[in-house]
Amino acid sequence: MREQISKFSQSPKAQAIFFAAYVIVTALGLYLMQTSVIAFLLLLFSILILYYLKLKTRTKWLIGLFIIAVVVPLVASQGPSFQSYMEVGTLVGIYAAMSLGLNVVVGFAGLLDLGFIAFFAVGAYTYAIFASTQASHFMPFGHYPLPGDTFWLFILIGAIIASIFGILLGIPVLRVRGDYLAIVTLGFGEIIRIVLNNMDHPINITNGALGISSITPPNFLGIPIGNSSQFYFIVLGIFLVVIYIVTRLEHSKLGRAWKAVRDNEIAAQASGIPLVKTKLAAFAIGASFSGMMGAVFAAKQMYVDATSFTYLESTMILVMVILGGMGSVPGVILGAAVVTILNTQVLTDLSNWLTQLSTNGVISIPDALSPAKMQRLIFGILLVVFALYRTQGLIPHKNRKINVEKLKKEASEAPGGALLSKERAETGGTD
Amino acid sequence: MLQQIIQILPQVLVDGLTLGFIYAVVAIGYTLVYGILELINFAHGDVFMTGSFIGAGVLFFLMSIGFLSSVPSLIVFIIVILIAALATGFLGVGIERVAYRPLRRRNAPKLIALITSIGISFILEDVVRFIAELKTGNYIITAPSLFKTQYHLNIHSIMPFFHNVTFQASFLVVLVVTVVMLISLDIFVNRTKWGMAMRAVAQDRETASLMSINVNRVISVTFFIGSALGGATGVLFMIQYGTIDPYIGFILGIKAFTAAVLGGIGNIRGAMLGGILLGLMEMFAAANLSTITHGAMGAEYKDVFAFIILILVLIFKPEGLFGKAVVEKV
Amino acid sequence: MANENGTHFLELKQVESFYGKIQALNGIDLYINEGEIVTLIGSNGAGKSTTLKSISGQVQPKTGTILFDGTDITKNAPHQTALSGIAQVPEGRRIFPRLTVRENLQIGAFSVKDKKVVSERMERVFGYFPRLKERLEQKGGTMSGGEQQMLAIGRALMMKPKLLMLDEPSMGLAPIIVEQIFDIVKEMNKEGMTILLVEQNAFQALQIANRGYVIQTGSIVLEGKGSELMTNEQVREAYLA
Amino acid sequence: MSILEVKNLTKQFGGLTATSDISMGVEKNSITAVIGPNGAGKTTFFNMITAVYRPTSGDILLNGKSLVGLKPHQVSKFGITRTFQNIRLFNEQTVLDNVLVGMHQRLKGHWVGTLLHFPNVKREEENAKIEAYKILEYVGLEEYVNENAGNLAYGAQRRLEIARAIAAKPKVLLLDEPAAGMNPKETQKLTDLIHDMRTRLDVTIILIEHDMKLVMKISDFIYVLDHGELIASGVPEEIRNNKRVIEAYLGKGAVLNG
Amino acid sequence: MNIKRLIPLFSIIVLILGVISGCASGSAGGGSKAKTVIKIATQTPLSGPEATIGDALKLGAELAIDDQKAAFAKKGFDLQIAPYDDQADPKKGVANAQLIASDSSILGVVGHLNSGVAIPSSEVYDKNNIVMVSPANTATAVTDRGLKTVNRICARDDFQGPAGANYAVNTLKAKKIFVIQDKTAYGSGLAQAFRDQAAKLGAQIVGYEGITVGEKDFSGVISQAVAQKPDLIYFGGVYAEGGLIIKQARQQGLNIPIMGGDGMDSSATVQIAGDSVKNFYFSTVVGDVTKTAKGKKFADDYKAKFGKNIESYSAYGYDSASVLLQGLMNAIDKNGGKLPTRQAVAQAVRAITNFDGIATKVGFDSKGDNNFAKIYIYKFNKAAYPATQVSEITKK
């Protein structure tokens, strides 16, 4: 048995066949049982399997994208649950992008941030204010609401404004460390939320606690966008951009600087890394992802108020990052997916099922213990269990391995680098 | 404007002290655990909440057996607060055993304990809610008030620029009990053998273990004390405000944690002063912000005000008001 | 070399220890007989402190056994080892900076319930270090390096240990103070204390030691009588300049 | 001429004086050792040169320009890099990445260029990797390229710190106890490496070291610190026979037996 | 490879999911054999700080559904309730709304409590033609968006607030009014409407302050009120904070009338405020249900079934569900006894013009607001719930 497993784990061909079979079976399952959440989840699970297969990275990306962007929507679109699945997918995308942003701050740069939702709020309010009549309360010029075509621009504007706020937060934060940093960021998040909730006087900017409603839906080449399935693709697009940025930066000069600062601030400085600039870059880039998704969120909800941006939300995103595996990009995405799907779909379905059982008289539960009320309790238990048994996160971070052979060959071919100008053969190093 | 601020100042002081002392004791729970484990125990606010519910439960039970009418309320109160403190003390020890110690043994990253503490806090909130709802049908509980007598301090006649002050007997109870708790904790930590062991473990866990101190036991004791204080404060909270629900721990927890940081986390006296300061500041802001800003910002900004002060303090004195700067050895 | 029963007071057999994935000890064998001063010398990072930590239980050896006074203490937690009679004066002294001198000493006698015994032992410590008596209410962190070292040794003596382990007691101290400390160590030994001394200052350590071990990258490379090692060419070259 | 000059350098922590009134000059392309007992203020001295601490008084001049008041990363840009006594590697990163971090100041590529796939950034990154590999070969760590730095053995970690420090192409390289934890064979290799670096990299080396054999063998000049004060300086032979040094540091034993 | 260590974890999840989906589909299949299942969903906060009201709404609706079960069974339908927990979180509300939309047996929704959740969720309902009858959303934006599926039986802020203001200024002769609100969509909306009307009537607004929901100490704001010497305090918010504000105001010697909105209409107000509740007024859309025979029966049934006393919100929940079921029944009849489409149900509900509920009469106007929404003003003369009705205001 073990032998077979090890053989299987060595053979890309067998894996590919198995994987194809898995995708076909689960896709078929979802196609036939449209309302079955489990079929949907099993199909999504294929992405995780794909991650562990021994295939070329590029191939994996293409297959994964194909499944997410084509197979899942296509198969699910046949039934009544389509929009519901797409809504979950959209939320996963939003949270995954935010988690990746927080991962830059916490996972890469090692700065604990408990107020991360503030940037999401900033992005959301930015779009909400200008895409509703709200802006006309204080803007001396312009015609509001702005048309839905501007949404695409606002994704960018949301990112920029959020990153400005990221830098604003960063400046005071640079002097404080560790857990003090946590409380300062927590305070910052709360300040933003309370201010947003109160800015209806003296000048009405955010409409205060009443929130901003009737936000113009985005417009794509004249088609108004309002369904979850449409937002799914917008979110997917942004999400891909975010992944691209994160993975590119992780292995760039900046990414190395972040991790160096995280691992050892003093040695990082001694190696020539400017602390201030590096940390601010982490805050700004992390925040910008949230800002983008904030704009999408406002457009999707068509209504924004401060209740969506509480401290609890910040901790939830942090939970996604830590649960998934700090610093690990696939881990963080998985963490976001697990927490979001649990919260919005699995626990709801679980409690619905229990309610069904008790209405049908299979089990009897007193009203005080109604399963519909248990979602957070179950979530809490799962958090503790996960944390105790997967202490490094679901997919722990691993460093990228460089192809040594290739590097060696290149090094021997390259003309003597500027550093080691004299011939290597002279001393043969120290060996 | 200034006149109005001064007029209500005595009342604001009284109310601010009430809240401040409650923050102070809860803040100590955070600071004790942080001092010894460098862990932000997010569940502590909910231990406080559980304490208030246990207190309410005991009070209702005593009432149902007619104990309340036959015995002076001070004795009832002492019984209630002792039971609640003991129970939450053991709850704290249990939480440490289940959620934190296994992680410590496995050398898990420090942040992962944050997740278990958040999880524990969800669990506590909901378990308390379910029990309360099963028993009473509603989880917002209003406890019978023990100390209702109203006092009027007629300072207006002595100092005419002040308004009079009114408070309830419960205010005195809160004041006396918290002060007693703070002083006895101070004595415990600074004068007793176990207190000394706690300080030793907080300063240098490794070396303390070389001195035949069982570090795990000291940590348990710390959790017991912090949680018992939190639980007892929960009872005081119930006595003072009358109404409790399973979610009181959340906001109060954040505030108390802020207070602990304000005073310099890990520093017990700092936490006390930070708590009192935060309570006073908050009450002052709630009472005067709109007077000061001419209505542009009202009481709803009081938390913003508190957090801005906190951030300013941390920027100019990153180790907190009463903390000691730690110089990193290079 | 063994005592009458064929066992040693303290004995390490093939002890291997790790910090995470890094192997710090590659199979240490050493023993101490009752009443000896044994010194362990080697450069920074050679594994001296790790050896002490393995004995005290701060580092759990992966393989090998540690026997003390006939019982196996390999898997003991640090406080259990301390209770069994081994006191360690850690590297860098590690006194509790915000406890007073008195409290630092009291912590040493944490396992003693009887207050009278505690004050008796304290008097004994004052016998060795009269300076501590003068500074009883001072915070540990405010004392000079030499005083801190005295306090650290005094704190260990409060446990009334059967074996005293000293980790680089001379570090950062003026030569005159180092000499004082070493004199006291000799004196304690004369009064019957068994001592394991880890030192970088090889000369002085070997001068007072009955026997010595030289440790290099996690292995014992030399052992012998103090005087023998002192004249050993290898030792001289590496450590005595 | 002196590349690095230190004038009346004093550092106090609270009331404690860590170093007092130290003055010295370091010749260009020399190997200079700073020795003294533990706690003598050697590392504090290094920390002031690299701007980890700001001196209480006194001045530090590199090629005549003052370094006092700069940030640590600026000092590195000026051409002074160092290793640490208690090894400070980026433990969670690979050996190669550690060296690449060392090159930080020299890499010009902006992150925006990284995102937009600018060919020059890409090329620079490729070349940096090749160069980093060569440096690792040079210090003898090429087989650990993909290993996490935290998983290396003690001696290898020391060499990696050196690799990281020279990756910045420093003018002055400060080595804080580079031989600690090495066995004689490794120490021998290290001695060769330090010698070789001086000529090959055209760098001035200042080192703190306890291994007297190494110090005496490679140093051109030696400064001895004790209790924060400079008690002696000279060529190795002078130091070896200096009474005060023997008393303060090498121990009376050395006098008696040596 | 890490896959091995992940296997147990995921197998557990998969197992749980398998059980859920298996049983869920099983029970649905079992139902369809006998009768067509019709579900009415409720979406209210069932966990979190606002769960008491959310639960009362749900239980009221549940009782209505139970009452009508037999009638629907006669027509061959199995009527069931599907409770959802929106956790007072807009995101969760929308996600649930999508789940509701995907369950084709759900033909209507009773909900929400929070306008902030109702507004985005109703966009989803509207896209799927699911009718929503709101028992508690008073924000004007809920119906002002002109969605065909959105109805409410409670009064709008811009009716209730001014009605309270009229009473305060004209009847209670308040000249200086101190307004406190809880900074939620509900409390803010109500307090704003009250403030604007009161100012229009010539009263002086001496303070307009916000508090934080979930806190228990409001002495700061009250000190400020004391300093302003108002002759009436108005509070926009719900009883959890309102009760304490009454109590703490009295403790500081403010023995002036205090007034609130329908969020204060709960037995818990009395519980929390105790004796202080005397001289407290509140406006509400619900008459005293226990006065009528129908209402009395409702209260008794409720107590018998759930073991709790009714809250005003229970009656709202009951009436919302009843109206919804009435519309549903009409749609079934119109469709010849067969299952109607969601759209047909929505139309039938909107078409209701005269329905007698236990708390209020219901008839929807073109926006979905209730034509019959009346405002009653109640006053506590003693510390006992319910309070005494002192005024009745009909919609202009």
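Labels A, B, C, D and E are assigned to the chains in the order they are written; within every chain, residues are numbered from 1.
Assume a contact is a pair of C-beta atoms (placed from the backbone, for glycine too) under 8 Å apart; a residue touches a chain by one contact, two chains touch by 3 or more.
Quick caveat: nothing in here was measured; it's all calculated off a predicted structure.
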item: Chain E reached from chain D - shortest hop count over touching chains; value: 2
item: Graph separation of chain B and chain C (steps between touching chains); value: 1
item: Distance from chain C to chain A - Cα centre to Cα centre, in angstrom; value: 52
item: Chain centre separation (chain A, chain D; CA means) in Å; value: 42
item: CA centroid of chain B to CA centroid of chain E, Å; value: 34
item: Chain A residues counted as touching two or more neighbouring chains; value: 197-198, 266, 373-374, 376
item: Numbers and ranges of chain C residues touching at least 2 other chains; value: none
item: For chain E, residues contacting two or more additional chains; value: 47-48, 51, 183, 210, 306-307
item: Interfacial residue positions of chain E with respect to chain A in the complex; value: 1-3, 6, 9-10, 14, 16-18, 20-21, 23-25, 27, 46-48, 51, 55, 58-59, 80-85, 87-92, 94-96, 98-99, 101-104, 114-116, 119-120, 123-124, 127-128, 139, 141, 145, 181, 183-185, 187-189, 192, 210, 306-307
item: List of chain A residues in touch with chain B within their complex; value: 106, 112, 172, 175-177, 179-180, 182-184, 186-188, 190-191, 194-195, 197-198, 201-202, 266, 311, 315, 318-319, 322-323, 326, 366, 368-369, 373-374, 376-377, 379-384, 386-388, 391-392
item: Residues of chain C touching chain D in the complex; value: 20-24, 43-46, 145, 168, 170-175, 200-201, 203-204, 207, 216-217, 230-231, 237-241
item: Residues on chain D engaged by chain A in the complex (per definition of touch); value: 50, 52, 71-73, 75-77, 81-82, 84, 88-94, 96-97, 100-102, 104-105, 107, 109, 111, 114-115, 125-127, 129-131, 133-135, 137-140, 142, 145-146, 148, 164-169, 189-190, 192-193, 196, 200-201
item: Partner chain A, residues of chain B touching it in the complex; value: 34, 38, 40, 98-99, 102-103, 106, 108-109, 111-116, 118-123, 125-127, 129-130, 133-134, 137, 254, 257-258, 261, 265, 295-298, 300-301, 303-304, 307-308, 310-311, 314-315, 318-320, 328, 330
